[in-house]
Structures are given as C-alpha cells and as structure tokens.
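Order of writing sets the labels: A, B and C. Residues in every chain begin at 1.
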Amino acid sequence: MTIVLALAITAVALPLIVLLPPLNGFGTQRDFVGGFADAGVFVLLAIGLNVVVGFAGLLDLGYAAFFAIGAYTYAYGASPFSGLDIPFWPMLLVGALVAAMFGVLLGAPTLRLRGDYLAIVTLGFGEIVPVVFLNADTYTRGTNGITGLSQPSLYGIFGINGFGFTDPWPYFLTVLIVIAVAFSFLYRLQDSRVGRAWVAIREDELAAASMGINTITTKLLAFSIGASTSGLAGVFYASKLSIVSPDQFGFTVSFTVLAMVVLGGMGNIWGAAAGAFIVYEIQSQGLKQLGAFVQSLHVPTLALGPVSVNLGAIDFINFQYLLYGLALVLMMLLRPEGLFPSRRRRSELHATPDDAADSADVLVQA
Amino acid sequence: MTSATAARRPFAAIPWRAPLVAAFALVIAYFVILVGVLADPSQHLTFVGAIPQAQAQFINAVTIGAIYALIALGYTMVYGIIELINFAHGEIFMCGSFVSWWLLTTLGFSGAISDPLLLIGVLILAFAVSMLVMGIVGVVIERLAYRRLRNAPRLAPLITAIGVSFILQNIVFVAISNSIVTTPQIIPNTVLTFGPVTVGLINLFTIVLAVGLMVALHLFISRTRLGRAMRSTAIDREAAQLMGVDINTTIALTFFIGSALAGAAGVVQGLYFGITVFNIGFQAGLKAFTAAVLGGIGNTTGAALGGFVIGFLEVISSVWGQGRWSEAVVFGMLVLVLVFRPTGILGQQLGDRA
Amino acid sequence: MKYARVGAALTVFAVVASACSGSTASPSAAASGGASGGGATIAVKIGTEFPMSGGEAPNGVPAANGVALAISKIQVPGFTVTVSQQDDAVNGVHNPQQGAKNLQTLANDSSVIGVVGPYNSNVAQAEIPVGNAAGLMQCSPANTAPGLTKTWGGVDPVSLRPTNPTKIAYVRTATTDDLQGSAGADIAFNITKARTAYVADDTQTYGKGLADVFATQFAALGGKVLKRDGIPGTTTDFTSYVTTVKGLAPQYVFYGGVTTSGIGLFRLQMAQQGIANIPLGGGDGISDGPAATKSTFLQIAGDAGDLNTYSTTAGPTTIPNAAQFAADYKAMFNTEPGAYSAAAYACTQVFLQALAKVGPGVTDLKALREDVRAYVATPANTYDTALGKFSFDANGDTTQKIISYFAFDPATKNWKFLSQRDFTAQPLQ
C-alpha cells in the first residue's frame, strides 16, 4: 500500500513541480507531463534491469533487445501490418511474456556458465535482434518499421476511448500505474524467499548452492523478470509512439539504462527509478537548457596559452556519453552503491578488511 | 562445472595438433569460398574461372582475420591473467589508429611512399609510436580503473570497463573528429605475383606482420622469464606471488603487451583501409572478442585462430550474397559458441569459478 | 537525405542562437504592426522541429536558420509571426520519441499555425499521427522516405493518420527517394550508357529505398542488374564485395547510402583493386561537398576513386532567385546556406502565403490553424517560393519533381552540375 500511496503522491506532485519557477519557464505543464510519460518508459526499463544487475548481480548488456521484442510484439498484436487489433491491456502481459520467453531461451543455456559470459551473450543478442528486425523485411517491414500501431483505450470508462496523440495525461497516469504494479511486485519479490536467494547468489554463489539454492533457476528467474519488465516497457513505448523501427533499440539504449541503474543505486528499486528519471530528464532537457544558459551568459572566449576556449560554442550534448562513461567509472571506484543505495548493497560493495581477508587476493594488495 | 582453477592453462603451449587443425581449416575455408563463388548465380563461372576470385577472397579473409586476431590477443591475455573482459580493448584499437593518423599527417605524409628505405623507416616509427602509446594507455587504464577493483565483486570491473570504453570513444569524438577521418596509405598499392598466386603488398605486409607479432608473443610467453611470470600469475596468482613474482608488474605488462598489439592493429587499419572513425572500436572489439571466445578465452593461440575464423565468416557471408547478415552471423556464432562450447575450438577446461 | 556534411557546426550553432533570439520578436513585429495601420496584430507562431544539438546539429541548424530568415524577410499584414523552436535530438541523435513529444508541445500551443520539420524520416513517422490528430500542418524540407506520403512497400500511409484518415496534415518540399533512384538509373543508362550494373545498399531506409528503385528502373530501361547486395552501415572492410564486383565486371555500380555508412570507403577499395574505371553512382547521400572538405565522399574515395562518379540532389539547382537567397542567408548568419536551408525557407513561405490568404478576419486561433492546414492541403493552391513555383498533390508531395544530376569534375575536385530533370514533365518511362 505504501507504494501505491507514494506513487499517488508522485502522480500529483510531479505535475505540480513544474509550476514552480524557474521550471515553469521551460514549458507548459502538459509539456512536462508528456516528458514524464516518456521518462516512465526508462523508469520501467531501469527497475527491470535492476532485478538482473542489482538483485542477482548478473550483467545484461543486451537489455534493449527485450525492449525491442516487447515493442514488436505489440506491433504484431495491434497494427494494420498484422491485421490484428488486440487491446493494449492484454498486450502488456503478452509483450512481457514473450520477452520473458526469449529471456529464458537465452538465459537457460548461458546462466550455467560464469557471470561475465552472460554479459557477452546478451551483448551479442542485443546486436543480433535489431539486425533481424532490420533484415527480415518480409516479416518486419525492415528499415521502414511498422506504423499505425493502435493506441490504448479505456472503452468509455471515465469517458476515455482512444488515448489519442495530443493529450499526454492518460499515458502519464498509465505508466505510473504500470510502474506501481511493477514496484509492488518487485518489492514483494525482493523480500521473499527468491529475493533472499538472489542476495545469497550475488554474495557467494558457491555458498548459496551448498545451502540448497538452485542457482540456475534462481538466476534464470531474475533474468527473465528483467526481460519481461523490458518487454512491458516496450509495449507501452510502442503504443505511445505508434511506430516501431529497428534503429530505436541499439546498444546505446542498453548502455544508457545501465548507467541509470548504476547511478541510481544497484539493488535499490527506488534508487534505480530515481536514477532513470534524473538521467532521462538531464538528457532530454537538462543539457540543452545548460547549453542555452551558457550561451546566454556570453562568456568571452578564454585564452589559455595556445588553447582558446569558447564556452558559448560548446555543445554540451556531445559530452553526454563521455559523462556517462566517467560516471560509471567514478561510481564504481568511489561509490559503487550508487547515489541512492540500498543498505545491504552498500555494505557488500565496500569490502571491509574482514571481507578481504577471506579472499586469497589480499596478498596481491600487499 | 568444475571449479578447478588449476586446470586452466591460459597461456598454454601450442598443442601439437594446432598447425594441422589450422591447415585443415584453411583448406575447408578455401573450398567454402570457392563453392560460394561458383554458386554465385550472377557470375556463371567455370571451376577454373572461379579459382582466381576465390583466391582473392581468401587473401581478403586472411588479411581482415589478421587484424581481428591482433585485437583478440589483447582480450584473451587480459582475461587469462585477471579474468576481466576488458570492454575498452576495442577502443584501444581505435585510439591506435588515431595515433598513427596523427603521426603520419604531422610528418606530412598523405599518400604512398615510393622510396623503400624511407617507407620502412616510417613504418617502423609508426608502429613503434602507436604500440608504445597504446601500451602505456593500457597500463594507465589498468592502474587507474581496474587495479583498485581487483577484489571487488565481478560486476564492478565489468561496468568500469564499459565506462572506460565510452570515455575513450567519446574523447576522440569530442576532441578529434565526429566523422570519418582519412589516413595516409603510405604503402604503395602494388600487386605481387608468386606463380599463380597474386597478393597485394599491403595484404602481404599485414599478414606477415600479424603472424610475426604472434610468433614473437608466443616466444615471449613461452621462453622468457617475464612470460613465465605471466603464465604462473594466470594459473594461480597467490602461488605465483609466493614464488616471488611481482603480480602488479606482471599484470601491467600483460596490459602493455595486449594494448600494444591492439595499437599495431590500429596502424594496420589505417594503412589498409585508409580511414578511421571514432566508433570503429565497438564493432571491431566485439568481433575480436568473439574471436577470443571462439578460440577458448584465455588461450592466445586460440584467439589468433579465432580471429581468422571471424575473417572467413565475414568474407563467406559476402561471397554467398548474404552480406547484410554478416553481423548476425558473427554474433550468432558468439552466442552459439558460448552456449554450446564455452571452452572454444581449442577447448580446454574452463570451469565456473562460481 | 539524412546526414549532411559535418562542418562549422559549432560556429553556426552559436550564430543562430543569437540570431534567433533577435528575430523572434522585434523586426517582424515592428514591420507588420506598421503594415496593418496601427491596429492590433494577432501573434502566431511557426514551429521548427529539427535535431538542433549534438552531432546532428549541422543538419538541423541550417534548416531552422532558413525559417528564421523567412520570418525576418516576409511580413503578413495583421499578424506577428515568431518561431517556436524544438529539438528532437536526444544524446545528439534524432529521436522519434522526443520528436512526437515536441509536436505535442507545439500542438498544445494554440498560437502555432504550422510546423517546419522534421529532418529525419523515422521522426516524421512518429510525428505525422500527432499532427494529424491535432490538425496541425507540418511541412518537411528534408524527408525523402516515400512511405510517408504514398503507398510504399505494400503499406498505405493512411496508417499514419489513425485519428483523421482523410485529413492531410503533412506535406513536404523534398522529392522522394524513388525519384533519386530513377534519376540514378537515368544517369547509368542514358549518360554513361551502361547496360549492366551491380547494386548495393547500406541496409538503411534511405539507402535501401534508393537502391531498390534504381534496380527496378534500370531493369525497366533495358539494363541488367547483375547482383544486389546489402552491406551493413558499420562495415569498414568492403574488400570482399569489391572482389566480387571485379569478377562481375559490371558497367556501372550504384550504391544507395550515405557517406558515413562507407560508400567513400567502398569506392576507395575499388580504386585499390584497380576497378575505379567502372563508374559509381549514388544519391544526395554522397553529394556532400568537395574533396577538400573533411569527411566528404570525395575526400574519402581519394583521387583515383573520385573519377567517374555521379550523384544527384533532390530539387532544382538552377533557381531564378537562388543567388538572392544565398546572399540574404549569408548576410544574416555569416555562413553559406545548408543543404536544406532554402527548402526550409520555402516551407515557411508556404505557411506565410497561406496565412496571408486565409488569415484576414480570423481571430480564433484554433480556426486559423485549421484554415491554414486546409489551405495547404488543397492541391489547387500554388506557392511562389525560394525553390520556385509549386503546389502539393493530394498526398502532400510537392509537384515540383526536379532532380539535379552531378558528376565529379577533376578540375575543381568537386561535384559539377550536369543537368536537371523534371520528372513531372518528363517521366522516365
């Protein structure tokens, strides 16, 4: 219930925040709500990846592939291309299930191996999936993508039929509800037997196995739950945009979501969500506003010896991935638990001298 | 899944059967190409007519394979010694190509150098500078980003490596060029004929250089004191330390050599293709990693073989008219090998450390 | 065309930022205020929707400049016109999700009467449904994917208009890729007299569309396509494809794609294997500047590779008032116009001319937006613009279907204008 309450407060508070100066200068409330709805997709992606990376300690580098699979599943379920028009709400589940299925197919053989092999297999899978959507054009319309996907509808409940293209509010509320459901599900899971098994595996897989935990199925569960959340996000994304095309699901999406989770705090659902929200807003609005702001200052060109720096001419957007990269490295070195850590994860990631003594590798440091 | 660290022999000597396997594989690859050329419906070639083309495609495959092999060696060496998938390695290759671009353009070269002595001198200089610079960059990265995480959970160095890869790529993107850069092709575009076989000078140079570096690496690892230190560190870091091996120096040396080889591959990239661009490292790195996995990660001989296999896979996709699927073929191979034969083609026991 | 030349981006960006803030309010307000005889003017806006930040800013900024220039030069009595500028780049790359959101933002601002943009076809796919639902007319100076306006690959563009299937709210001044593919076939068959061809593409929307049409048209003219390849845009090693071409010995090579996906490199490797005597043709994706400019097709292909190459651009090259436009643009922004500056200028002229026709007497902004949309969507209306005179057909495509032909000129080491063909007056078949 607390989650529902917290999200209800978010639903009211977020749109009100934008009325405050100086934010109100950047757009109307509707503009902000539209942006929040888009950010919601990444919040979903991040809390899903958090299950894989944060809870189970596995690295999934092809996360965008499941996002793509969810989106294309919706495109097959509700577009003129397939001739079907299955309603959005069941398709949410279908998309999640199909993505989970691919997750199991990919994870089952791989999760038997060591953790970093999963990272590579998923990276390869993430490269293959867009190529397949691109080249199998008979079935996917190739590079043109599938267009005209149906919009969600409430069939007249609250007087809402199709969500339409102009009003962002229904999408904003929908994504909040989907996030709330995912949140409460994941919270329960985290505190359940399975959640504790994930922690055990993450901290010491051998010990976990010897305590009777089936490490493969437990890891597989985490992996497929992550995949299904990604698929869910894909269905929502596709329905809001009404198109899918292969170029929207590249490695940069996987990388961005990973940066969101690491920044926010691995293992902490709220942290991952906050990381996603903040990073999304920075990349879609923040850096552009920063550029405009610096230009408006009319800083004179600085001459530092032979190098002259014109701050006004710097396009901050170009530094986006450089900043992500720096953030990943610095976080791992200095604050591996993220900006909003979970208590347990923090204690794990800061190896105390006691922990290190367990490891033979301590000799290396000597 | 044995958790027997001792069973791993990452820098193992070349198995006696490796040359036979390689020769056999090359013959098979040649015939796959030949059949592809013969089967090409647009050409209607006779068997005799197809041979020169198949031979040219074979050279193409070996040349690109040599580049992948050079990159793959660095992946496999680093993995062998600290079990880290160094995602930044592909970007080292990219940076190496930019170092040689910078050097050659600064020296004022723009095209082929016809004076053989000058050419050899400039080549030695380009390779020396690029390999040295990238070797140092590799060591610095290890020192700053990876060393502190040697005892951290496995996830941490992996994520750091991804971060480093984005840092390198975007430093070049922001500071040097956000688009394709043309590099001087100083080796003359000559075709050499050896009886029935014709081969471009640059192709021959690339293949000889790569094989030479591989042999040198093999001799270094198997015959020298430092090489022995590397092998022992890879097998059991703790025991090696007890036996008086300086672990930090040995690991730094591994990074230096691996990165220098990637730097050499970067120079070849510029000489062979005449261009470089900030984002070539990602795809090339992933393909080279596939090569390393194919050969059995941690195994240097396997990585070299794997590089050639990837080269052949790409050329065969193109010859068979399926070029648009070449990426899917290579990465599909990566997934399949990891799933069904994670020990690679030269398979040795590589269990789950758990 | 999607990827224009990258160069002088930062300076352009700096200039336009100051220029835009200057032009949005004062000059047009003063001028139109005077024209309407001191009476109250209605404030309306024209939206711009382009990638304005990051690596793709060099595409979007010159187009947005074209809009700013038009608004400062042209006054509509009774109206004060300003610009509402949007940016669809996220992380420096055009982003359909951001584009759709931007169009919603523009649609929610009732004073916006029309939108110039977007630059990229997949952004347009996400925006057309929004504009259609809002009844807000969009004019793209740069989108060339045929499927946005006409049935293509078996799919009817009506699927992009689910809210009001019969209402057109998207027009474009750019001619579609199929015409450039036809023009490529025209060059190959009629100018170089080639009868056999090898056709490749970079597997992307633009490149594949171009190459598909080339293959069809070249065959229809009586030529023979020997082989059709798709080569991923990330490829750097084209040697095996070039070896195949060498074996095929075609009389022409057509490559659909853009410079960044490696055509220059393909040509360079053709030269290295000694087959640069075979002519190579492409679309405006390779018509990106002289060999002296960094990262252009002509620079990458090298001296030997440049010979015997052909390219096209969508739109006319000889326009009566082109010189005036270029001079005005240079005076305002202190740089040469970009590839789509003139087209963006023309799009703005379309809106301003429509506003001048339907605007007088209308005070309700909502009605005004619909009147402008309906006027622009009516095929009978013609516009006199920087690109010349044209109107839009029932699909929203320009009736000015002119393609310019270029060939490499060794003397200037640049593309040299050969001729232009009006595909309305002289269809290929």
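Points worth noting:
Assume a contact is a pair of C-beta atoms (placed from the backbone, for glycine too) under 8 Å apart; a residue touches a chain by one contact, two chains touch by 3 or more.
All figures in this text were calculated on a predicted structure; none of them were measured in a lab.
Greatest centre-to-centre distance from chain C is found for B, with centres as Cα means.
Interface comparison, B-C versus A-B: the higher number of contacting C-beta pairs is recorded for A-B. Put simply, the C-alpha centre of chain A and that of chain B have 33 angstrom between them.
As a whole-number value, the distance joining the C-alpha centres of chain B and chain C reads 41 Å. Shared interface positions of chain B, defined as residues touching 2 or more other chains, are 173, 178, 324, 327.
Within chain C, residues 55, 203, 230, 232 each touch two or more of the remaining chains. Across the assembly, chain A contributes 131, 135, 318, 321 as residues in contact with two or more other chains. Put simply, chain C touches chain A in their complex at residues 9-11, 13-14, 17-18, 52-55, 57, 87, 89-93, 96-98, 100-101, 104-105, 107-109, 122, 125-126, 129-130, 132-134, 145, 147, 152-153, 155-156, 158-160, 162-163, 203-205, 208, 230, 232.
Those residues of chain B that touch chain C in the complex are listed here as 37, 40, 42-43, 45, 53, 56-57, 60-61, 63-64, 173, 177-182, 189, 191, 200, 269, 273-275, 279-280, 283-284, 314-315, 318-319, 321, 323-324, 326-327.
Residue ranges on chain C touching chain B, taken from their complex, read 6, 55, 203, 226-227, 229-232, 234-237, 239-241, 243-244, 246-248, 259-260, 264-265, 268-269, 272, 274, 294-295, 299-300, 302.
Of all residues in chain B, those touching chain A in their complex are 1, 3, 83-85, 145, 148-160, 162-167, 169-171, 173-174, 178, 237-238, 241-242, 247-248, 282, 286, 289-290, 293, 324-325, 327-328, 331-332, 334-335, 338-340, 342, 352-354. Contact residues on chain A toward chain B in their complex (touch as defined above): 53, 57, 59, 61, 106, 109-110, 112-117, 119-121, 123-125, 127-128, 131-132, 135, 202, 205-206, 209, 251, 255, 258, 262, 266, 318-319, 321-322, 324-329, 332-333, 336, 348-349, 351, 356, 359-365.
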